[in-house]
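There are structures below to look over.
One chain, chain A, appears in both complexes that follow, with chain B as partner in the first and chain C in the second.
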Partner chain A sequence: MNKQINQKAWLFVLPVFILVAFNALIPLMTVVNYSVQETFGDNVFFWSGLLWFQEVLTSERFQNALIRQLIFTFSILAIEIPLGVAIALTMPRKGPWVPVCLVLMALPLLIPWNVVGAMWNIFALPDIGLLGYTLNALGFDYNFTSQPGDAWFTLILMDVWHWTSLVVLLAYAGLVSIPDAFYQAAKIDGAGSWAIFRHIQLPKMKRVLTIAVLLRFMDSFMIYTEVSVLTGGGPGNSTTLLSIDLVKIALGQFDLGPAAAMSLIYFLIILLLSWVFYTVMMRNEDQ
Partner chain B sequence: MPQTKSWIVPTLYIFFLMLPIYWLVNMSFKTTNEILGGFSLYPKEFTLENYITIFTDPTWYTGYLNSLAYVGINTVLSVAVALPAAYAFSRYRFIGDKHLFFWLLTNRMAPPAVFALPFLQLYSAVGLFDTHIAVALAHTLFNIPLAVWILEGFMSGVPKELDETAYVDGHPFWSFFIKIFIPTIAAGIGVAAFFCFMFSWVELLLAKTLTSVDAKPIAATMTRTASTSGYELGLLAAAGTLTIIPGAFVIYFVRNYIAKGFALGRV
Partner chain C sequence: MAQITLDKIRHSYVETPSKEEDWVLKEVDLVWEDAGAYALLGPSGCGKTTLLNIISGLLHPKQGRLLFDAEDVTDLSPDQRHIAQVFQFPVVYDTMTVYDNLAFPLRNRKVDEATVDKRVREVADFIDMGHRLDERAKGLTADGKQKISLGRGLVREDVNVIMFDEPLTVIDPHLKWQLRSKLKELHQRVKRTMIYVTHDQTEALTFADKVVVMNLGEIVQIGTPVDLFERPHHTFVGHFIGSPGMNILSCEPDSAGARFAGGTVATENRLSAGESGKRIELGVRPEFVRFTAEDGLPADIVKVSDAGRYRIVETRCGGETVKLLVGEGDEIPADGARLAFDPSNTRLYADGWLAGEGR
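What follows is the complex of A and B.
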């Protein structure tokens, strides 16, 4: 669409700009401020340069949290994206079951995050939880509060439970938008179901799948509440992801300098990756 | 699309989704004794005690009212300011438009954990700490960008001829915008409001950080119960079950719009 050049359009954007600026710029400046200063209490601050950044970047604690975060994010992407697409492919496209499926599948998305954590905690308890009890009855030695491996298994299962529906809904929306004529043409050419998937469905889903990957990447990189309620970062530090570590430092220990430096590094990582995704996405749109 | 016995996969998936929810509901109807007594697939001593406690104890039910209050304020505010902005982005070119749009989106990607502490200081400084307004304003950080993004998608789908015809007919801009344009994109507003509701309803870190007593969200009340008064799992489960209900209602009412909103890929 040809857009008209009109500088007065800024007036329309102004309320949004003011509100978001108030919420984003002031806190961000606070963080920048703390990240370059040192304090011995009494609100007296000294310039400390890049000391905190150095300290955070070289600390083993931050590196480990970052590695755990990357493992977590890529594991759930590797599971949720193919699983979501597979489920979307098998969903009915017409009929009375469509709204039923959509409503039931969207349900986990609308449960407050701490309730998701609490629910999975109760569900996975080894003695009285359905999952924990069943696994132990089947002969697995399962206890997510004491064994790191089990904690990770529960964490990833929880995230798959919580967010796969988002991928399903997006992929499904992409599938529904394919006209029937495409399938008829494929039928005439004698294409099998794999060929249909590879050459018709997958290219048509490319756009929505990019968005699904983008959203799942961002949100899993920021995950806090569910993990904090389910495992609290434990056992030990085994499930301490980036944001859990950050909240521990910032609100638990009130170590303003390191917390601020870590915040900025954390935010920059997400910003950089979101820019990459955004560019790729926009290029897809232009084609 | 070829459909051969494909109902099995979605059915299994939905079954998997329902299991933890069933377990939560199951727990909510049990007495504390039964829960601690051992494993059982369904409540043997069926009780409504947990729900009665929640509906009669003000520390519990005010939590729900607080949550609904800030979610409501946030949804109305986000959609209201996002409407003109989305119109500007979809119809006009102006200095800095692309940068502004990307900058807005980056806020959708800002981790709440980064903003928790500065928000606490900012809202304390302006005297809004522990009010519904504070949480509602804080949640606009990610909900306004989202609403602008969704609405811009819907508005770009409306042909520009609609605007031009209205001008020719002599409608002043605001009358056109309110009487003609907004009803045209009602579905988009529904989807945007739904997602604002959703993300404000499920977020806890900021809501908890910015409140202490007067505006404490239900989710934070639950956290307190879990940690201080021992193992009141039944009560916790009942409170959790009740938090699912508003979401279920909302999703039922907007189910037809959702698929449409997702189809635009703007969520």
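What follows is the complex of A and C.
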């Protein structure tokens, strides 16, 4: 086959290239630029090689933040994915309640992130907040501003409240796309509800769940606003996740070099883990 | 194995049916003999799938009872009725192998593995899947998947009836013919009651020993393919079955039969006493109309279309369209054509129903 190559096609993709250059490539390269140099302001730069990368990777502060980040992300994944699927299974598939349920489910997703943080901050305050006050009245010693355990509990609860809906909506979309004939055949074959879930619903939800896991993984790994408003990384450093730490280094201490190096490492971790998730979950697809 | 009796079954999808139009099924009384091969034939929306789902238990009828032999099964769930159903779109369990798919209905019923293995291998040979047992069901083609869903029905030994709901819709045309004859052969081997729902007359007539024709929620005629062709009980059957369908011509009743297009037409049946006030029609299949040199009904030829071994000639006769079939070598008169109807295959219909049957 002799295909004619038309160079004019480049003209049509040029706008996209320009757009991507300005919103992704150029900012990213600026960060790369900072990560290999040292600067004291005044636009004076000294070459520092991989010094910042070594420093970040060996620092205990970064390692601790990374561990906290991993614990946070895997906890919310372990709660939100099964919970989201369970809620989606109980939602009606037909009838007048469908739009009601969908709107109720979508509500948390429509609230601005900093508002979510502020809401939960007030909600959980031990002296005036509904949650904090109730827990204390019930005899629990609860104070998320001073006790790390309580801070984590509140943080995870907030994220579950905010984002489980996304999993529900995705799983629900997967569920309603299953034709009735599958359920009818399963009934005739004498399948119980577990068998129906295991052999019909779960396989049909696999694609949307993969997307749900990826989205929730990336989003939770990058979470900043809600945590910043709720706990600000405290008490102490107990809820200082990677993004919080990054902002502290970059804008608090103005260490642009280490912050840039950390950004790149952060970015590569997300890229790597997303790839691992995707490959593992799609493993069986091509067989 | 059982004889299936539908006793005054009525169904409606409306909560409280008030009008006659609310009923999708208008009183169906029917007996399916044990081990028969039936086809349920009718246009889309005539209620055939509804009827099928009532037999399988996926729907509960608004009124009436359903009996398997003498046992009333109206309130039993689909898995308690021991039936099998093959759906329009093939249903396979994607994550399982062909073997596990076939074993699924047995394992759900806690049958021991030795029996499962024996049955699965038997059935797999039946449906030509014996060599593909370890493959993933997901990778099969549509006809392969349809065979698997059929196999899941055959694998249980206690199945009372196997139902097919337009099973060849998604199958490629060249495989349709193959799968259809396979089904026929299967029926002869397993000797179970089979009900085949379709709107395709070729499928119905080749598969079934007896065809049940439905229209607008009621059964119009039950009979062998030959009955349906030669002696339609309703103008709908005459028109729906056959290609082209029966000529249906409005006429005046007469002592010898009917007056039509200024001539007298002899008919095989006569009106009974109560039918004279009804809408009277003459029904004759294109196969039983011919051109004649003697006195016949004058007709103008409108169109001739070649259908291979014969030609379909469309004429205007007495203000109506009359079609007839003319063999390859036979001549079509240029003008002054006259038509003759075969008296033993020309019938009177009153309000659509075959006259003189005492309805």
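Here is the rule we use: the second predicted complex is superposed on the first by the 259 of 287 C-alpha atoms of A that agree within 3 Å, B and C clash if a C-alpha of one lies under 4 Å from a C-alpha of the other, contacts with A are read in each partner's own complex, and residues count from 1 in each chain.
We adopt the following convention: a residue touches a chain if its C-beta (ideal position, glycine included) is under 8 Å from a C-beta of that chain, and two chains touch if they have at least 3 such contacts.
In this text the structure is predicted, and so the values were computed from the model without any measurement.
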{"item": "Room on chain A for both chain B and chain C (clash or fit)", "value": "fit"}
{"item": "Which of chain B and chain C A:L251 touches, first, second, both or neither", "value": "first"}
{"item": "Contacts of A:F74 with chain B and chain C, given as first, second, both or neither", "value": "neither"}
{"item": "Chain B versus chain C as contact partner of A:V176, first or second or both or neither", "value": "first"}
{"item": "Contacts of A:V208 with chain B and chain C, given as first, second, both or neither", "value": "first"}
{"item": "Contacts of A:F140 with chain B and chain C, given as first, second, both or neither", "value": "neither"}
{"item": "First, second, both or neither for A:N114, with chain B first and chain C second", "value": "first"}
{"item": "Which superposed partner A:D189 touches (first chain B, second chain C, both, neither)", "value": "second"}
{"item": "Cα-centre angle that chain B and chain C span when viewed from chain A, reported as a multiple of 10 degrees", "value": "80"}
{"item": "Broader residue contact with chain A after superposition on the shared chain, chain B or chain C", "value": "B"}
{"item": "Distance of closest approach, chain C and chain B, by C-alpha atoms in Å", "value": "12"}
{"item": "Chain C-contacting residues of chain A that also contact chain B", "value": "none"}
{"item": "Chain C - residues contacting chain A, complex", "value": "53, 56, 58, 77-79, 83-85, 87-89, 91, 93-96, 104-105, 108-109, 136, 149, 152-153"}
{"item": "Partner chain C, residues of chain A touching it in the complex", "value": "179, 181-182, 184-185, 187-192, 195, 199-200, 203-204, 287"}
{"item": "Chain B residues touching chain A - in the complex, by the definition given at the top", "value": "1-3, 6-10, 13-14, 16-21, 23-24, 27, 35-36, 38-39, 41, 77, 81-82, 84-85, 87-89, 91-95, 97, 100, 102, 104-119, 121-122, 137-138, 140-141, 144-145, 148, 156, 160, 198, 201-205, 209, 218-219, 222-223, 226, 233, 236-237, 240, 243-244, 246-248, 250-252, 255-256, 258-259, 262-263, 265, 267"}
{"item": "Partner chain B, residues of chain A touching it in the complex", "value": "1, 3-10, 12-13, 15-17, 19-20, 22-24, 26-28, 30-31, 86-87, 89-93, 97, 99, 101-115, 118-120, 122-123, 127-131, 133, 161, 164-165, 168-170, 172-177, 183, 193, 196, 207-208, 211, 215, 218, 221-222, 224-225, 229, 242-244, 246-247, 250-251, 256, 259, 263, 266-267, 270-271, 274-275, 278"}
